[in-house]
Each structure stands twice: as C-alpha cells, then as structure tokens.
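These notes open a run of structures that come right after.
Two complexes follow with chain A in common, the first pairing it with chain B and the second with chain C.
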Partner chain A sequence: MNLRIHAARVIARRKTLETVLNPGFYIAQTAGLLLGYILITGFTGAIDSSGFSFELNPVYDFVGRAMVGAFGRTFVDKLFSEGPFLLALYISFLPSFFYLSINSVFRFSFEKKVGAIELISYGPADGTSCFLASYVKDILLTLLTIAILFIYFAVAAFNNNIVLGSRFLYSVPLILFTSSALYAYGILAAVATDNAVSAISLYMGIVIFFLIILMGTFSIVSGYVSTLSGVFTRIAGWLSPLFYWNLSLTGVESGKAGFFITGIVILSVLTGIVLFASHLIVGVKGVRK
Partner chain B sequence: MKGKAAGFILAFCVTLFAFADVPVRKEEFIYSILAFNGRDYSGTFAREEADTIYLIAGVDNFLTAKKTFVYFWPITGEWRTDTQGLDQEMSGTLEVYSDKEQPVKLTPEKYTYYNVRGVYELNWNVAKGKEADKVRSHYEDLVDEYWKAISEYYNKRAEYESRLDKITGEITERRKRGEDVTSLLEELKTMKPPARPQPPEEYTVPPVPVKSGFIINLPVGEYRIRFLTPDGFIMQGSEKKIVVFEKRREGGIGYEIIPGDKWTRPSESKTPHSVLYVDGTTDLYLRPFYQDEFNDLYYEKMRRNDSRGNPNLMKWVRMQQVPEARIEMSPMDGNITTVTEEPFYVEQVQGASLGYRIVPFDAEGKHEGREPSIRAFHIPIERERGVLKISLFDREGKQILSGKRQIRVIPGAGFKTGLFLLAFVPLLVMGVVLFFRRKRYSD
Partner chain C sequence: MIKTRGLVKKYGSFTAVDGVDLNIPTGEIYGLLGPNGAGKTSTIMMLLGIVKPTRGDIFLFGEPYNPKRLDLRKRIGVVPENHPHGMWSWMTAYEYLEMFAELFEVKDKERRIEKLLSQVRLSEVINKKIGEFSRGMLQKLSFVRALLHDPDILFLDEPISGLDPLGIKQIRDLILEENREGRTIFISSHLLSEMEKICHRVAIISRGRLMAEDRMESLLNNLSRERKILIDLESIPSELPDEVKRLSYVLDCRGDGNTLVITVPREGDYRKGLSEFLIKKNLIPLSIKEQMVSLEEAFVTITKENVEMLAAMGESR
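Then we have the complex of A and B:
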C-alpha cells in the first residue's frame, strides 16, 4: 500500500510538472479569466439608478433572456442577488476543468494503449497508482486554478465595489469536491474502455448526462420533458456529483449548514466509490489495452 | 392598370383577413378557481387538459364547476375563457380523496370574502352560508346609507349655495341702495358648507357579491378530486390532482426600491442579505415589506394554472407593508443615521426633459388639498460613499435580521483595462516558463 502511494506521489509530481510545462494549461486559465472578465464588466454595465437589470447590457441581455426562458425569473434573480461572481466562478472554471479532465482521460487511455502503463507496472507502480497519480495531479491543478480565479475575482470585487458574496465563498470548496468526483468518473471511463476516443466519448457522455439531469431539474418546462427529467433524476440522480452540489447550495441558500456539509461528505464518498470501482476494473482487466 | 393594382391589393387584404388566425374556441368543463395567494384572492381556471390544481394549505379557496369556451391566446401565451359565449355553472357534488382518509363529498355553498381595515393590510375574512348574505347585506346597507348621506349632502349643498347666492345678491342690491349690510355680512361669515360624507371605511376590500362554490380548505398534501353530476355520473375531465402546499419560511423582509429619477420603474430586493448595486446618480426611496417563501412552481401555478415555474426553487412573495418601521443607515464612516417613513410628492419636471422629481410632501404649502404620491424611506446616495448598510427595526424597536441590506455604488469607469490585462497573466507566466525551459535545454 505504501509503495503504491509512494509511486502515485512520484508519478503525480511528474505529471503535474508535465502539465504546467504545457501551454494548454495556461491557455485554459486565460480563457477562464477572460470569461470572468466579460461577465464582471457586463454586470457593472448593467447597473443603473434602480439596480441591476440584465437588459441594459447586450451580453447579459442574451444570457439573461435565455436563462429566464429556461429556468425562470426566480432562478436568475437569485443567481445575481449578491453580484456576478457566482456565475463567473462556475463559467470561468469550465475551461480548466475540461482541459484537466479530458487531458487526464486521454493521457491515461493513450498510455494504456501504447503499453506505457504496462511497462511501468513491471516496476514498483501498478495501474491503480497510475490513475491515482492522475487524480492527484488534477486535484492539485484544480486547487491552483481556484486560487487564481479567487485572486482575480477578489481584485475585480475590490476594484468595482462588488461583494464576492456568501454563496460564492461556499462555492469555492464545493467546486473542488464536485470536480474531484467528476475527475474520478473520468478515470473510470479511461480504465473501462480500450482506447482514448472511446474513453473521452464515454466521459463526455457521462458529464453531459449529469448536466442534462441537472438542467432538467431546474428547467421550467412542463409536461413530457419535465416528467422525463424527473424519472432520470430519480433513477440516476444519486450517481451525479452535480446532484450533491445542488444539495449543498440549496442548504446554503436556506441557511442549513448541515446540508452543505452533508453534500461535501457525500461527494467525497462518491469519489472514493468511483475510484474503488476503477481499481477493481484495473484489477480485472489489467493495464494492457 | 392602377385600378387593377388597387383591386389586387384589396383582394389580397380581404384574403388576409379571411384567413386571419382566429383562436379556436372549444367547449370544455373547467374548474373556476379563486385561490388565496397569501395576499389576496386570485382567479384562475383549470381546463380539462390541466392535471393539477395548486392551493395554499389552511385557507379557504373556492372552486366552481363550469362549462365554458376555452381558447389559447397566442399574443400573451395563455389560456382564456370566453364566458360571454358560454358560462354555465354545473350543479353537483365534488368528491375529495386523500390516501389517508375516506373521500369527502362537498356541495356548493354560498360565500363572500372581504378585507377589513386594520393595523396591517391583510385582514381577510370569509363568510359562508347565511353569514355571507348577512355580511354582504351589511355592506350594502353601509353603501345605501352612504348614498343617502350623499343625496342629503347635495340637497344641503344646493340649499347652502342658493342661500349664498341670495345673500350675495342682497348685499349687492343693498349696497347699490346705500343700505347697511352688516347683518348680512355677519350671516355670511357664520355660514359653513355642509361636510361631504365619507365612504364606508370599514373595508379595504368590500365583501364581493355572494357566490356559490365548493369551499376547499385542506392541510398540506396531495388529493384527488372529481365532480359528480346530480345523476351520480362522473363529469368527463373533472378528475384532477390537488397539491396543497404551505410557505417554507415567513416574515422575511423585502424592499421596494424607487429610484428618484424613475419612480414609475421600481425594483425589488427580495433575497435576504442580497446586495443592491446602483450607479449613484440619484437618491433611493425604500418601502420595506414582509414576504413569505413558497415553491416557485406551486405558487405560480396557483395564481395562473397554465403558467410555468421552477419546481426546485423557492421564491419570496411580497405580503404586506412593515408598519411604523424605521431604518438605520450605516455608512463606511460609522456615522449611523435613523430614517423614518415620510410622505413624498412626485412632481413632473418642467421643460423638455419630461422627467419626474420626488420632493417632500408639503401638506400645508404647495401640495395643500392633495394626497402624497408615495410614503417611503428616503435614502440619500452619494457616489463617494461606496457602501451603505441598512438595517430595519419594527415598531417595538426590535431589529429584523432579514431586513439587512447593503447598497453599493458602482464606480462608472473602474479598472477595466487593468482587469482585462490581468486575465493574460497566465499567458505571460507560460512565456516565462517556456523561455527558461528552452534556455535550460539549450544550455
């Protein structure tokens, strides 16, 4: 066990270094910050003497109308009740999240296919330590991403006299735990398939499925779509990290700290279960292609 | 040639009108619903295709079974009834089923509802059966008395004016003749016009004319209903689910925000502890109100059965004003100021700007004989101030925690260029990393 952890630590260090030497990571960070910049300046441009009104800014008008149409006015009012940072945090995080997760899924599947992991496993490392290393690398770089976003938003908040907001502050740890569970699903997709394309397709399918369930939960459509979404949520909602993310945020909104903590605990447990499932699959399938 | 063209255009227009999109009216069984929404009664209807009716728990709601024409109005995207074409109330019984208890059979009952004047705005009452007739006739008596008093007033007013004309005419005549008018002037001084009677003040919403319907007052839960004709047949399309819900939280504080330059465009701050961002160009006038929290979908559907809502979100709904409250303003410098509710008058700005200006109401001066336009808390906004925290205290001087808000003035031109350039710092770091890496390997 200690050997596996040690191997995972050494490989994680190596993989982290490889990623920070790759331009893709920086481009994803910049893309995220630019999205945040657009949302923050758009928000300040949509304020007049009576307060925030998304119709006043072209970017927000488009986004706001689309969201009101899909999720209702109450959703939009709550989203911007403390400022733009809650939306900006999630939107800005997406480029880095997809870069890190897809990169890990691709790399692991590719290395498995070309026999690199098999080669390593003749030494002190095994398949589990390889994917754990990948997971640790993702978590470390996610922490770095969140720190960068936090600093950027804090500067923007101070400069524009806007508050970061309590829901933003609660979302900072929550985004880490939610993405952690999603990274675990990425590993599961990588170990369960035979090539990189299949792994990425499966992973994207899982993420999109979870997103659709979440959006269905919040959408104001009625009738068939609503019923279908309700059925999917009942069947597969408990598998989705986004379900527990929503549970935690709902707890924050209604002033129930217990819900927030429960959500985080369940996300951690879910991560552990998915990683354990990946370990079992690696044990059964091995690390040959 | 011109004649032919005109004829063609005319024919085209006639064809357009002939094929205009006239909504198709369909005869349907509906439940006409008068639901208490926490603030007042709102009317809606559940057509045959609607599977669920939403009502608030523990209050009287009224259902009427009807046959009417139903049509979809595409301009507003809502279903409507054409009661002028057909409005037939159905007689029969309503069966209410729940999973736990035996079905309850309801028969139509007479009812009226009204709101009496009190310290708070909401003092709704419902009168049923004979009591409904009594309440309504009491109100009608009050109205009759009022109109009698008005009639007497006009008679007295006519007498007064006739006497006034007579005296003034006599004074003129006597003065022409050089006679003494002192006694007439004395009489003129003592004459007072009759006081105009006030309309009945007992009610803020008078009892509505007595109607007949099924009175539904249920605890929280899900129920099923169906309508039975006097022959005992189930009416087609009458089987519905009833979702009875309650508020999740109550007594929250919301604010109606009236900017000094746009008093016709007030906004609302409903989320407790939310932040109000303004550009600082004008003062604000606030009106605090109590609000309750309901499920978004349930509440919207209760008010209009064909509307849409979010089943997984809660929304705050404005209930009534906070009486005799006061607001404490705490700016950054720590100089706390207390503001009380004051009357204000909205004046139209003279000239081409066509705006409005809110000024303090001067009851004895230039606004004499008028009513104030608004009663609100005046919050002066200064661009330099940056942050202003407000707290609300009730009439007993107790702080209402959910009434806390921050008002923040957003600087017009911030550090936008700097913020934009800051977003490129990761690329700069990338350049540095790649440079040193290349240098290291080249060395």
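Then we have the complex of A and C:
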C-alpha cells in the first residue's frame, strides 16, 4: 500500500477515536437531534384544514420568515412541500458539520504549531498524510451522523405517519458530498495559514462567501446583497460546493436525474481539486512549526 | 551512511547553514556542537527532509536523498528536543507506541514495544496515560518510539536535556547499546561533558560553518593551547608551587591536596624535566598524569576566543 495512504489510515483511526471520546461530538449530535425534534413537532402543530402553514407555529413562523427573507417564498414552500424532514435534516446536520469542520481546522493548525505533524513527518508520512487523515475522519463521522439522523427521522416519520419524501432521500447522499467539499476547504484554510485563529477565520469567511453566492441564486434578494452576490458568483461561483448542491437539488425537484448526478460528480471533482491544492501548499510551506 | 556536500540554508538574507560538508560512516556516534543559532537544527532538519536546502547535496544510505521518498524515512529514527506529547496525552504509552508501530509497519509490534519499554524501565507504566508522564519518562518514551522500527540511523536532538542523573545514565547506556548493535547515531547537544562520553567524533558549528571536525581526542588536543600535568607527592611544601612556576616552560602551578597541578604548553614533553626537578628537591613523584582539556573547556575556547583560528583550521582541512 502507498505509504502516504497507509499513514493517513493509521492517523485517521486515532483521530476518529479521539473525536468520539470527546464530549463535544455528543453535544453537537444532541443539539442536532433536539433541533430535529423541535422542527418535527412544530410541523405537526402547523397543519390546519388547508394544509401546512408555517405561520401557525411560533418556531416555524420564525424560521419560515427568516428563510422567506433570505431565499423567497417559493423556495420555502418547496422546502415544506414534502413535510418537515428536508429542512429538519439540513438544520439537524449543521451542529455536527460545524463541530467537525471547525474542530479539524483548529486541530490541524494546532498540531502544526506544536510540532505534532513534524514529528509524524519524521516517519513514513508527510503533511498530506496528516490532512488526509483529518479528512477521512470527518467523512467517517459525517456518515455516522447522517446514519443517526436518517434513523431518527425514519422513526419520526413512521410515528407521525408522514412520508420522508424523495427530496429528503436524495439529500442524504447530497449532504455527504457537499459537506466533504466544505471539509476540503477547511483543510485548505488550515494548510494555507500559520495559526488556528487565522485558519478558522479564513474557513468561516469561505463558508460565508459561498452562502452569499447561494443567496444570490434566489431572485428575491435585492440591493447591496444582490449586487455583491452577482459579483461573487461571476468571479467564483464555480468554486462553491453550495452552488452544486443547489444544482443537484433543483435536478431532484424538476425530476432531472442528470442534474443531480452532475452536481454530485462536480462536487467530487471539486473536493479532489481542493485537496490537491492543499497538497501543493503543504509541499511548498512544509510542516515545520 | 550520511554525507553532505556544500549544504547551504538561507532564510531570506540570513545564512543559517553555510557550506557544511559531513561524512559520517556506518556505526559512528557523531556529535554536532554549537551555540544557539549556530545552524545545528537547520542542518538536522535538512538531513531529515523537513527543511529544503537552498544549495548542496545530501546522501543517505549511499544515495542522493529525496525527502519525497517516504520509504527511506522508515530507516531513520528521530528523538526531537521537544515532544508534542500534549497532543496525545489521552493515550496510554502502549497506544501511543502502537500508533507509531503501525505507521512504520513494525512486525510483532506488541513484543517489540514491551521489549523496548523494559529496556528503558518503563514496563510498569505501559498502560498509564502519557499526560501523567514526567519529563524523563517522556524522553525515554520518545527514545522507544524512535527505535520501534529498528532504524539504521538515529538522530538525537538534545537527548538528555532536562533529565536527572539516573535518567542521563540510562539514556547514555541506551545510546551506547544501540551503537554497539551497529546503528549510526547523530547527536546534537549542548551538554558537552556527555558528548565527550558518548561520541566517537564531533563537529563544531558556528555561524552556519563547521569550525572543526575530528575524533574526540584529536579535537581536544588541537583545541587546547595548554595542558595540565598532575603529580602526586607525599606532601607539598608550601614554597614548592612558586618554585615550580619559575621553571621556564611552566605557565602555572598550584597545589591541590597532595597533587601538584602544573600548567604547561600543549607542545613538548615536560614530565622528565619536572621529575628531575622534584627529585633534586628530595621529593618523590608517586604518579605523573597528563590531563586533557575537557570538551566543555574547549567549547568555551571555540565560541568565545578561537573562532577565527578554527575557521582557518576548517579551511585548511
């Protein structure tokens, strides 16, 4: 086996174990499940004779108004057309996603600073092995998180006699590919900067940048945000995993499987490109603290 | 085993290593001495492939060293000066060593770990968390980690720094034992008295340049301008040191108990003349010993006084 891959596998196993031994991981999981619970119970309370209306439930009213403001009424109506699970899946996933990604960015920067990566690199490993290990750990724990959420929502759907919906089912793999591309950007931020604070700031900047681009793809935004988003989209829209996530989801809504698959393929290619860029940066910058 | 040719490392306009040539054969314990900022660490980092040389060539195991060849790193063991053990403080000693054993694809890792831990007397703490280890225990653990994969070359950066006398002895014994098994050992240290006990050959680096490199004995001979002759007598009359000082070749003389400590120039043999002088005074020399300058003294000479002279020596080598 390639020594770099072998090293990544060995380190990933330890990193995964370290993360699952950390209470933070369980706090993030619990927060996600709690949010899911609130959204599902709120949904059942927001149904009247005319069907679902988010204004009927205080939680949904708050979430719905915020989302209508950001993405438009059409988007929100589509979001709830198959029940609460699509929104609940994404919202419930966010705590774990941010925990895993920010933790990885912080850990990589910190490990570089204290010389842990240098120590590992004295052996048959290098900086690339270390960040690949971090990436593999994130993917494994994301799979675990998605599995937990899927089981949780499947049980909730069964108990409340609501279907999960096709968009929910398509979103399960989509969420994995989208988050994996965002994890790759986290690695890029960690290897490109010299300390943990800069790395996390850069990563959050990248995520916010992608969110602004996404908001720009919905026509309701206007004024400064719209102009900014338009400029960002023209310059770097193709770099955003959220752009391809939206492409895939649009494909599912319109019944065009090609769009969905194209989005997934591009997300995979984008992940590969970002990881390769990280590899080149580590090669140039080295692993010395 | 280790060879460099014209090794240069520049950081901007600052030259950290300036044309270092090393040639370390298999099985040698080689010491690199130098004050802080002399270029020791940069040299080691280049040899390990962690830092890229600005110029020059490195040959390891008889072939040009390519840091991208990870397989070559399996033949190298490293004990760095500072260990980021805080990163793995949640692991037990066994789990920590197991991770590195897997990284190096060590066969029969369980037995190897137990054997090495027993060698450094850490068997009893095999299941203790690293976070609870003392500095000395961590240093020994780092040694075990570096030896897990049975490397051909061992790089040690300040291996005994911060250890208590017992810990120093254990590590010294371990180094000598590993060397007896044929391992080439490259040590960087400022604990000169220990280097003296361990190294076959030492090099002194200052401002990025190798000022001197020789076998320990020759280096000490070359570095000292003077040497001491110790003569044991039954007793030392109070006026004797002053009388000895009047001899033309004596630089200094003092009594230390029943031992006459006489400082003479490095060149020449003065033992016969001193014996005759003492016998004329009806004093019988019980023993005559010559004392070399210690490496510690030589090092002070190098860094404070004789840099130019050594540079000239280095150029004439």
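Heads up, the rule we're going with is that the second predicted complex is superposed on the first by the 280 of 289 C-alpha atoms of A that agree within 3 Å, B and C clash if a C-alpha of one lies under 4 Å from a C-alpha of the other, contacts with A are read in each partner's own complex, and residues count from 1 in each chain.
In this section, a contact is a pair of C-beta atoms (placed from the backbone, for glycine too) under 8 Å apart; a residue touches a chain by one contact, two chains touch by 3 or more.
Owing to the predicted nature of the structure, the values given are computational and were not obtained by experimental measurement.
Enquirer: On chain A, do chain B and chain C fit together or clash when superposed?
Expert: By the criteria stated at the top, chain C and chain B fit after superposition, with no clash.
Enquirer: Comparing chain C with chain B, which touches more residues belonging to chain A?
Expert: Touching more of chain A: B.
Enquirer: Contact-wise, after the overlay, does A:Leu21 reach chain B, chain C, both or neither (first, second, both, neither)?
Expert: Both partners.
Enquirer: Angle at chain A between chain B and chain C: what is it in degrees to the nearest 10, using CA centres?
Expert: Vertex chain A, arms to chain B and chain C: 170 degrees.
Enquirer: So in the superposed three-chain picture, is A:Thr41 touching just chain B, just chain C, both, or none of them (first/second/both/neither)?
Expert: First partner only.
Enquirer: Looking at A:Val269, would you say it contacts chain B, chain C, both, or neither? Reply first, second, both or neither.
Expert: In the superposed model, A:Val269 contacts neither chain B nor chain C.
Enquirer: Once the shared chain is lined up, is A:Ala257 touching chain B (first), chain C (second), both, or neither of them?
Expert: Touch partners of A:Ala257: none, neither chain B nor chain C.
Enquirer: One more residue to check, A:Gln29. First (chain B), second (chain C), both or neither?
Expert: It touches chain B, and chain C stays clear.
Enquirer: Go through the superposed model and pick first if A:Leu94 touches only chain B, second if only chain C, both, or neither.
Expert: In the superposition, A:Leu94 touches no partner, neither chain B nor chain C.
Enquirer: Report for A:Asn159: first if it touches chain B alone, second if chain C alone, otherwise both or neither.
Expert: It touches chain B, and chain C stays clear.
Enquirer: After the superposition on A, what does A:Ile120 contact: first (chain B), second (chain C), both or neither?
Expert: After superposition on chain A, A:Ile120 lies in contact with chain C alone.
Enquirer: Report, in whole Å, the shortest distance between any C-alpha atom of chain B and any C-alpha atom of chain C after the two complexes are superposed.
Expert: Value for chain B versus chain C, nearest C-alpha atoms: 8 Å.
Enquirer: Enumerate the residues of chain A that count as touching chain B in its complex and touching chain C in the other.
Expert: In chain A, residues 21 are touched by chain B and also by chain C.
Enquirer: Within their complex, state which residues of chain A touch chain C.
Expert: 3-4, 6-7, 10-11, 14, 18, 21, 110-111, 114-116, 118-126, 286-288
Enquirer: Can you tell me which positions in chain B touch chain A when the two form their complex?
Expert: 248-249, 257-262, 265-267, 269-271, 273-279, 281-282, 296-297, 308-315, 386-387, 406, 408-411, 414-416, 418-420, 422-427, 429-430, 433-434, 437
Enquirer: Along chain C, where are the residues that touch chain A in the complex?
Expert: On the chain C side, the touching residues are 45, 48, 50-52, 70-71, 73-74, 76, 78, 80, 82-84, 86-88, 90-91, 99-100, 102-105, 149.
Enquirer: Using the touch definition from the top, list the residues of chain A that touch chain B in their complex.
Expert: Residues 20-21, 23, 25-27, 29-30, 33-34, 36-37, 40-41, 44, 47-53, 71-72, 74-75, 77-78, 81-83, 148, 152, 155-156, 159-163, 165-166, 217-222, 226, 246, 253-254 of chain A touch chain B in their complex.
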